[in-house]
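Presented below is the structure to which this report refers.
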Amino acid sequence: MIVFLLRRLGAGLVLIFVVTAATFFLTYGANIPVARNILGPSATQDQVNLLNTQLGLDQPILQQYWTWLTGVLTGDLGTSYFTSEPIASALASRLPVTLSVVLVASIITLLLSTVLGIASAARGGWLDTLLQSVATFSYIFPAIVLGIVLVYVFAIALRLVPAIGFVPFAQSPVGWFLSVILPAVVLAIGGIASLAAQIRGSMIDELSRDYIRSLRSRGSSEASILFRHALRNAAGPALTTFSLLFITMFGSSLFIEKIFALPGYGTFAFTSTIQGDLPAMLGVTLFSVVLVVIVNLLVDVLQGWLNPKVRT
Amino acid sequence: MSVYDPSDTTTPAAVEGGAETRRAGAFLRLLRKPMGLGSLLVLAVVVVLGLLEPVLRTHSPNFTSLDFINAPPGTPGWPLGADQYGRDIWARALSSINVSVISALIGASVAILIGTVFGLIAGYRGQRTDAATSWVFNLLMTFPALVLVIVLTPLTGGAYQITMAIFGFFLAPGIYRLVRNLVVGVRNELYVDAARVSGLSNRRIISRHVFYVVRGPIIISAAFMASAAISVQAGLAFLGLGSTQVPSFGVMTNDAFLNIYGQPVQLVWPSVFLALLNGALVLLGNAYRDVLAGPQAGRKRRRTRRLVGEAVPMAAPGAQSSAVSAATPDRGEGGLLTVRNLRVAYPSTDGSEREVVRGLDLEVNPGEIVGLVGESGSGKTQTAFSILGLLPKEARVSADELRVAGDSLLDGNGAAQRNLRGGVVSYVPQEPMSNLDPSYTIGSQLMEGLKRTMPRKEAKAAILALLERVGIPDPPRTFKAYPHQISGGMAQRVLIAGAVVSRPKLLIADEPTTALDVTVQAEILDLLRELQRELGMGVLLVTHNFGVVADLCDRVVVMRNGELVEEGAVRDIFHAPSQTYTKELIAAILDEETTRSDAPASPMGSGVS
Amino acid sequence: MPEVLKGISLNVAAGETVGLVGESGSGKTTIGRAVLGLAKPTGGSIKFEGEDITHLPSGERRRLAKDVQVVFQDPYTSLNPALQVADTLSEPLIAQGIRGADARKRVLELLDRVGLPTDSAQRYPREFSGGQRQRVAIARALALRPKLIVCDEPVSALDLTTQARVLDLFIELQRETGVAYLFITHDLSVVRHISHRVAVMFRGEIVESGPTGKVTTAPDHDYTRRLLLAAPTADPDRQAERRAERRKLLATTGASGAAVNLD
């Protein structure tokens, strides 16, 4: 088990390294006129050259990469070209917003898709149809359309939740919940469809296996067969789906933050990309990959706990 | 393999019907489905609207007219009205269709090209090529793709086409996994081995056997990926990434969003077009999936619909009195198992019922071993499962009488069978390995049913003692072991221990040695015989092997097509069968006296050495 | 499961059937696959008509398709469910450049030879029973008039009555065409029925080989004896005797552990 986790950790570190390096060379190598963008069209070429030197952009790209990499290893992600704010603290202050939305969305997704998936596998009928409809619905309406419709209905027409903004949990748990619930629901709708379908499929597979019949023949109860045995064996593939889903939900959250005017990663990533704020863009990339790796490792631990073959 | 569809129940009729429809091309069958035809038509109409853009519009999509700011839909010359800048929404929508269609084409084709090529190579070459490519693609799969698509926008110079190519690259792992797994599956098929032995080249094998299998699933994924590309392009444009001069549904949505307090209706148009495009693609994908799944798909769905629970035997219509008397347990009869006029039927797709057991009578006395023999399709396994109450729920089981140890099982709700299982009646299956839950230790699985009737400690002691009794060398270790840590022969001993721990009166064994090697089979047969004697159990032994029958059974029941052909004492059946079918069966047994005695055939060439 | 072979020597002469008997994990299937070129042995050599074919490159190996063919155990997975029988049967013909009318004629000839109606050509595998599918597989093996057919448990998935008929077909075809069989099976009664000579495998080694009559009635090796006594015979009284005999053998050799550890 430990060897297995170490190998997965190694793969995670490779992922972090490869993604950030690729992003670095693609963006820094793209010859974006950063200094010109900052200073505006009226600045002289000398002023631009001076700023380029100050930002270190006149150095060879490998040199720049080395500087960035060693900085990262000491926890320094550089400072924003435009606001001079340290990237690390800028990201840290935005982390609670995006994480709130994505985690609430994950919880909704996990709960509802487990219930829906099991029920639909065990009973079928109209539940199957419901599941199919949710899936089709989530494909038909992109997150942005869904988000705007929800804002319109619940915030503008019904005034049930605030239309925009984020309330920190510490300030008001209820306010926090109301500020993240709509975006979380938008993300969850897409997630529920694919995860519930996956759970339904795996449950049907497991329930039709021989060992279920054997358990029944030895007098196991239906509840034990469904939850203790079939669900546990179906959980492995479902967890893998969930870990991929988490990445997608995290990515989608960047899109819908704008609709709900949430000051999270999405806004930050968008602004820095538009501006060509290279250190900020790299910071966003690094934080995203690290988050993905952490979630994957958690899923691996759970897989090991579920599956004795992984453990030994 | 579907467990609830044992080979016992195949009907040639259903098979014939399926073949006819298969012959029509998949595309034709797609057109015959309302959903397939409908979504194709919608897709075609929307795409044609986009292609005819120059003809259908009166203004250029970026033309602004201050006179028509926020003009309502239906304004002459502005069919869908104008936005807050006075631009023609109809013209912008038509332009946006083209952007969406191009995004879908680029995103899906890049994903399919990369994924298919590498999937085919990795799946077919296998070994190190597979390991290396799979590692790379698995890594690629966990990339936070949407973040990277955003961050890499500066590289594209605002061209959404390049962004979509990048997005397609990130979609490729999905296709890769699909193709690779399908190819690995096909490569291990014996028919591919046979093609190789036939002398076909790798290229031919891929085009003939492998590509056929991956084609359908790729088309289905393409529909979903096209839809994803459309949504992502819309999302990026909504954020304002990429050129603002190119009208697209994302830009239109953003404009409408900014205008939401004033003119919410403007939000409808981009949403409707996005929904039409995505909906048509996704439903098309679903329809095509149904088409490929073939005519059996409907039946399969019905079968899997109610997996929980088990079929409940009903009293046959003509046997009311017997069912009523069953409510008050009478234990007068001497038989351990009494079955009268047992019928098992399954509903088939056309609404009729297919009977797999037709009016079977069966009797097992205490301490007697009865062999239930027949070829595949004879209904022997269905009979055994209906006594245990382990048939799938849609099976219709009825009987005039169904009694174990005097108790009628025809109580109408299956409670009697549930009470008997794991107590008075127990079961030994055919495949030992697949009958153990891989996630739990052997001990915990065997304990599970037992915990209802005795305290934990006692149950554990009983199981440990039995594991020892069935010949397991180190019972405490096996108790704590997981199924994958023991051999098939051991697993069968474990299952036998689990079956007899409750000291059952009736043991139902379904081909208990068929999956085992001959030498292991001999030991398991010995074990069953000894346990039967020690516990004085009645045994119903389902088998197709006459050697096993001769070894264990006192009496034999021969079945064919769900009916009883003949029954009698074991020596009578072997030496003096009365029915033609039994005689045929006995004659087909390869006798042991004669070995092949003719000389090798005249050589037409030389052999192998 | 990994099958490890240890220095096997085996000869098949033209026109004869050599039965290869063993339990799971004994290595019998690996031998068959090595002869077919589907598995690469790490040592030793396989010669066909005097030529070493052990490590032939795949291009040259395909040339051998004309002479060495196969019938697999599972008639459900050895035929591509998506191909009509005619397509399956013409596969080896295409590989040898036989097409069009010649190929069609040969397909009908083959169907006739294995006792299937000619309208089978346009049918799909799933329209056939297990025994009929196995006949299709046999027809495919015969298509190029091979000199050797490797038969890997070709009747063990079949019902008793079908099994007997398919075995008779094998024997009849051998008499007509002079083809040799390497007949791999776990079933001693099948081996007795079809083989001229038998080799018994145990844990990657051939422990005994010789004429069928000798090996199956008066075996020299303990394992062969145990194998013979373990197979139940279809007669209650003789089976009781065999059981007693087996007990006696196990008591004297004390070797039951071998069979308990199924790998």
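Labels A, B and C are assigned to the chains in the order they are written; within every chain, residues are numbered from 1.
Criterion: a residue touches a chain if its C-beta (ideal position, glycine included) is under 8 Å from a C-beta of that chain, and two chains touch if they have at least 3 such contacts.
Given the structure is predicted, the values throughout are model-derived calculations rather than measurements.
Visitor: Chain touch graph shape: choose line, ring, star, complete or other and state it.
Guide: Line.
Visitor: What chain lies closest to the overall centre, CA atoms only?
Guide: Smallest centre-to-centre distance to the global C-alpha mean: chain B.
Visitor: Using mean CA coordinates as chain centres, what's the gap between chain B and chain C in Å?
Guide: 31
Visitor: What is the distance in Å between the mean C-alpha positions of chain A and chain C?
Guide: 55
Visitor: Which positions of chain B touch chain A when the two form their complex?
Guide: Going by the criterion above, the answer is residues 2-4, 135, 139, 141-148, 150-155, 224, 227, 230-231, 234-236, 238-241, 250, 253, 256-257, 260-261, 264, 267, 270-271, 274-275, 278-279, 281-283, 286, 301, 304-310, 388, 390, 418, 421-423, 426-427, 429, 431, 434-440, 445-446, 448-450, 452, 482, 484-485, 495, 498-499, 502.
Visitor: Where on chain B does chain C make contact in their complex?
Guide: For this pair, the touching residues of chain B are 12, 15-16, 18-19, 22, 189-191, 193-202, 204, 208-209, 212-213, 375-376, 471, 473, 487-490, 516-523, 525-526, 544-551, 553, 570-571, 574, 584-586, 588-592, 594-609.
Visitor: Which chain C residues qualify as touching chain B in the complex?
Guide: Listed in rising order, the residues are 11-17, 23-24, 35-38, 46-50, 58, 62-70, 72-74, 77-80, 82, 88, 91-92, 94-96, 123-124, 126-127, 129-130, 137, 140, 143-144, 147-148, 159-161, 163-164, 167, 171, 174-180, 182, 186, 188-190, 192-196, 212-213, 216-217, 226-227, 229-239, 243, 246, 256, 258-263.
Visitor: Show which residues of chain A lie in contact with chain B when the two form their complex.
Guide: Per the stated touch rule, the residues are 11, 14-15, 18-19, 23, 26-27, 30, 32, 121-125, 128, 132, 136, 139-145, 148-149, 151-152, 156, 204, 207-211, 213-220, 222, 224-226, 229, 232-233, 243-244, 247-248, 250-252, 254-255, 258-259, 266, 269-270, 273-274, 276, 281, 284-285, 288-289, 291-293, 296, 306-309, 312.
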